[in-house]
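Letters A, B and C mark the chains in the order given here, with residues in each chain numbered from 1 onward.
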Amino acid sequence: MPVPARITAVRTLTELEKLYTIELPYGLTLDHDPGQFVQVSLFGVGEAPISICSSPSRSNGLFELCVRNVGDLTSKMHALNVGDTLGIRGPFGRGFPMERFRGKDVVFIAGGLGLAPLRSVIYEAIDHREKYNRLVILYGARSPQEMLFRDEVNAFNWMDDVEMFSTVDRGDEKWRGHVGFVNSLLNQVHLNPHNTVAIVCGPPVMYQFIIDDLIRLGVAEHDIWLSFERHMKCGVGKCGHCQINHIYACLDGPSLSYTEIKNLEEAL
Amino acid sequence: MSGTVNELPRVAFFDFTSCEGCQLTVLDALQTHPELLKVVNIVEFREASSARSEDYQIAFIEGSCTRPGDEERLRKIRETAVYVIALGACAHLGGINAIRNRQPLLDVRQYVYGDKAEWYDTYPARAIDQVIQVDAVIPGCPIDRDEFVRVVTVLLQGRQPKLPDYPMCIECKLHENICVYERGQVCLGPITRAGCNAICPAYGYGCEGCRGLVSAPNMESFQEVLAQHGLSQAEIDEKLSLFLTNQTLLEKELVHG
Amino acid sequence: MSNLKTIPKTALNEWVQRLRRRFRVVGPRPKNGQFVFAEIETAVEMALDYPTTCMPPKKYLFPPQETLLRYHLDGSHIQAVIETEPTVIFGIHTCDVQATRLFDQIFSQGFADQHYRARREDIYLISIECMAPCTEHAYCHDMGTSHLPEAADLHLTDVGQMYVVHVNTPKGESLLADTLAEPFTADWQPIYDRVIAKKMEAFEKRLDFEVTELKELLRDGYSSPLWQDVGDDCLVCGMCTQVCPTCVCFNMEDEADLTQTEGQRTRTWDSCQATTFALVAGGHNFREARMARQRHRFMRKGKYMHDAYGLLGCVGCGRCGSTCLVNITPIKVLNALYQEQHAEQIESDVPEMELSYEDVTARSAGVAVDLHAGACENNGRTHPH
């Protein structure tokens, strides 16, 4: 059953995306793993799965959701303001197995809205910086206007122990950075493939390219982690909508390693 | 949401070439759901009152476009209304009126108007969205009352109404009707959009497709089914032209380039 | 071990009347030349020798449409809706009983479903022994579901003047307690055995392979060209999933009332054959081809369900085959897949072992995917859901 949660802040990130800060009632905390999602209810409208975009390490009892306006529910959500109520179920799904990443070079590869789920993992890693070796963030957006969390990306740029690379598919007159798809950044970071885990999130078309490139660079299949988006209704492994062959994206995923899905025709 | 009448969304109903059966269903909905009048302000509805208005936000259009003069009226409605909704099969598909699209126009005129045929300026019946942009559709001949109420509710929420997008057979099975194919008749249920509670099969008749095609039907295989049940190609074409002329003609154009 | 009783047929109506004081009693009734489960008032309304019903009695456990929540649109007054009615399903076939076992597993495993479970508690199953396959499309015998006398709360076997009654659960006991049952004496055993032996003769094997081979058959046949043929024919009408006792996929929708004050969330049956089933915002459809949708249906029935829940997703009732207008039947499809894979060695392949459903399940219990271990850990957490 959804609990009624309150919006405590709304920040407009781009024309299409807004960031919501949400507070659960009755002193509940979400207590999530990075990479998990919640089912957001708009009463009388419906429910949609949204990744938790904030890190458990910075929760304060609140959490954040970054929502792109693409349809029925998400457009109604964009009309909500501070103080409005929405319903929350979750957290659901399997997050990323952070323990397995200990001592590794962690490379985050985000395309477009894919930065939202990864933001939760990135801050978790930054806040436990000593557990990991290199932290590398590769972020590709379609254009400079569509870049999410620009201030935070800037801040990552200034951090000594985080390597931040961004790119856009198409630049504009002001853009001084890299132009090209996000996989083109991979050549710049000189990975040590034997000690690298890659965490990938982006639109469906991006996955095959990135996986091919990572494997070509020598990254092990079980060290490539992906987050999967599917049509989801129940979020708890019953309704059947999210299935990728026998796997339930809502239960076994959304975070899955390449080893787990490489033989599944419906995955990529 | 309810307020003084003047604050309510202003709704108008317009009819073109139709039997006005859908507007009667709307009247029926006003009886069964009197709260409708607390949430909208009906400013034009020929079936119910003589009031006329030039100022409305939501326009329901019944009937198909069958003469050049209709186009002008339709464009006017489009300019005024924020939301335009095609009401019923005539408006949605061209309706029964579109049967004649399969025959040479003059034959139809002669059949309907006798030797005065040349005087009338009718042309092939067109669905409303073939003339102006339509924001939503309430399908059916006539429309389903509950679906009408649902669409109004969703519009009041400021949302885009969505129709069921699965075939009639799904609803038909729920009602445990005996499949009309088992009785040696044919039915367009497998290719028709659900939403009427499979009312025709429930009474033992095959569905005629008045709600239009479901998305991505398997027309090829379905035509084979009809053929296996003894229909000639001419009979199949006839079957598909009662309501589906415009949709299946379009489909043919798509398939054959 | 079940406890055996007998009940004379002459007492059937009296029994039904007594049950009706405590329960809604539903049973197989004729309707327009077919049979449907519907409420009954007297025993004569039931056709206990019915071949099969149009829809399975699943509709009582898992209604086609149910309200899950009611709330005010401002997010207050959120209330779970649990609707149950004490119900006896009289004369359910054993294949359909096996399907309820699968449902019990699905809705209890991991995140338990309170709506289903509450309703299930209130449902009592009285099954009946089938004496012949209900249609040419049924292959319950192959699937090990044609003879499951110990699966329902009570099980009836028609032995002439009497029904032999297997009393399997305390729930079953409670249905029989104040009735007209008589003891099952030693004299009945040979009569019962003869009836069952005769029944078994009526059921022939219809699959070319053993059910234990089904998972591998589908795994190895995943890329078979057969699926393209199936997809070419399939009307995607969804009848096959609609009539299936094991189909569980559902949709959830919220709606508001006209005055925009209250709303509700409903759950409705859905079908993997629907175009929109795997469609996401932005227009990407993860299972767009008809061939992929049909293949998913077969994989789910014969393999994925078993992977996830330890029980097969098909009980062999044959309803899907009978209803399909283009003759896509499991027997036909699965045998074709088998023939394709075993083109050469068919002659030498003599099936000999009779396996019960339990054996199949027990045997593959260890096969469950590792992934679910991870998923279960998750389930142990306390969530605000």
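Convention: a residue touches a chain if its C-beta (ideal position, glycine included) is under 8 Å from a C-beta of that chain, and two chains touch if they have at least 3 such contacts.
Predicted model, so just to flag it, every value in this text is computed and none were measured.
In terms of inter-chain touching, the protein chains here all touch one another pairwise. Interface comparison, A-C versus B-C: the higher number of contacting C-beta pairs is recorded for A-C.
Each chain gets one centre point, the mean of its Cα atoms, and the points for chain A and chain B are 43 Å apart. Computed centre separation for the pair chain B/chain C is 38 angstrom, with centres defined by C-alpha atoms. Of all residues in chain A, those that touch two or more other chains are 44-45. Shown for chain B are the residues that touch two or more other chains, namely 157.
The set of chain C residues touching two or more other chains comprises 255-256, 260.
Those residues of chain C whose C-beta lies close enough to touch chain B in the complex are 31-34, 36, 53-55, 64, 232-239, 242-243, 255-261, 269, 271, 274-276, 290, 323, 325-326.
Remark: chain C residues 69, 71-76, 78, 80, 106-107, 110-111, 113, 222-223, 248-256, 260, 263, 265, 270, 272, 277-282, 284, 286-287, 292, 296, 299-300, 303-304, 307-308, 369, 371-372, 374-375, 378, 381, 383-385 touch chain A in the complex.
Chain B meets chain C in the complex at residues 1-2, 33, 35-36, 38-39, 149-150, 152-153, 156-157, 165-167, 169-170, 173-174, 176-179, 181-182, 189-191, 214-218, 220-222, 224-225. Considering their complex, residues 157-160, 162 of chain B touch chain A. Contacts from chain A toward chain B in the complex involve residues 44-45, 72, 76, 79.
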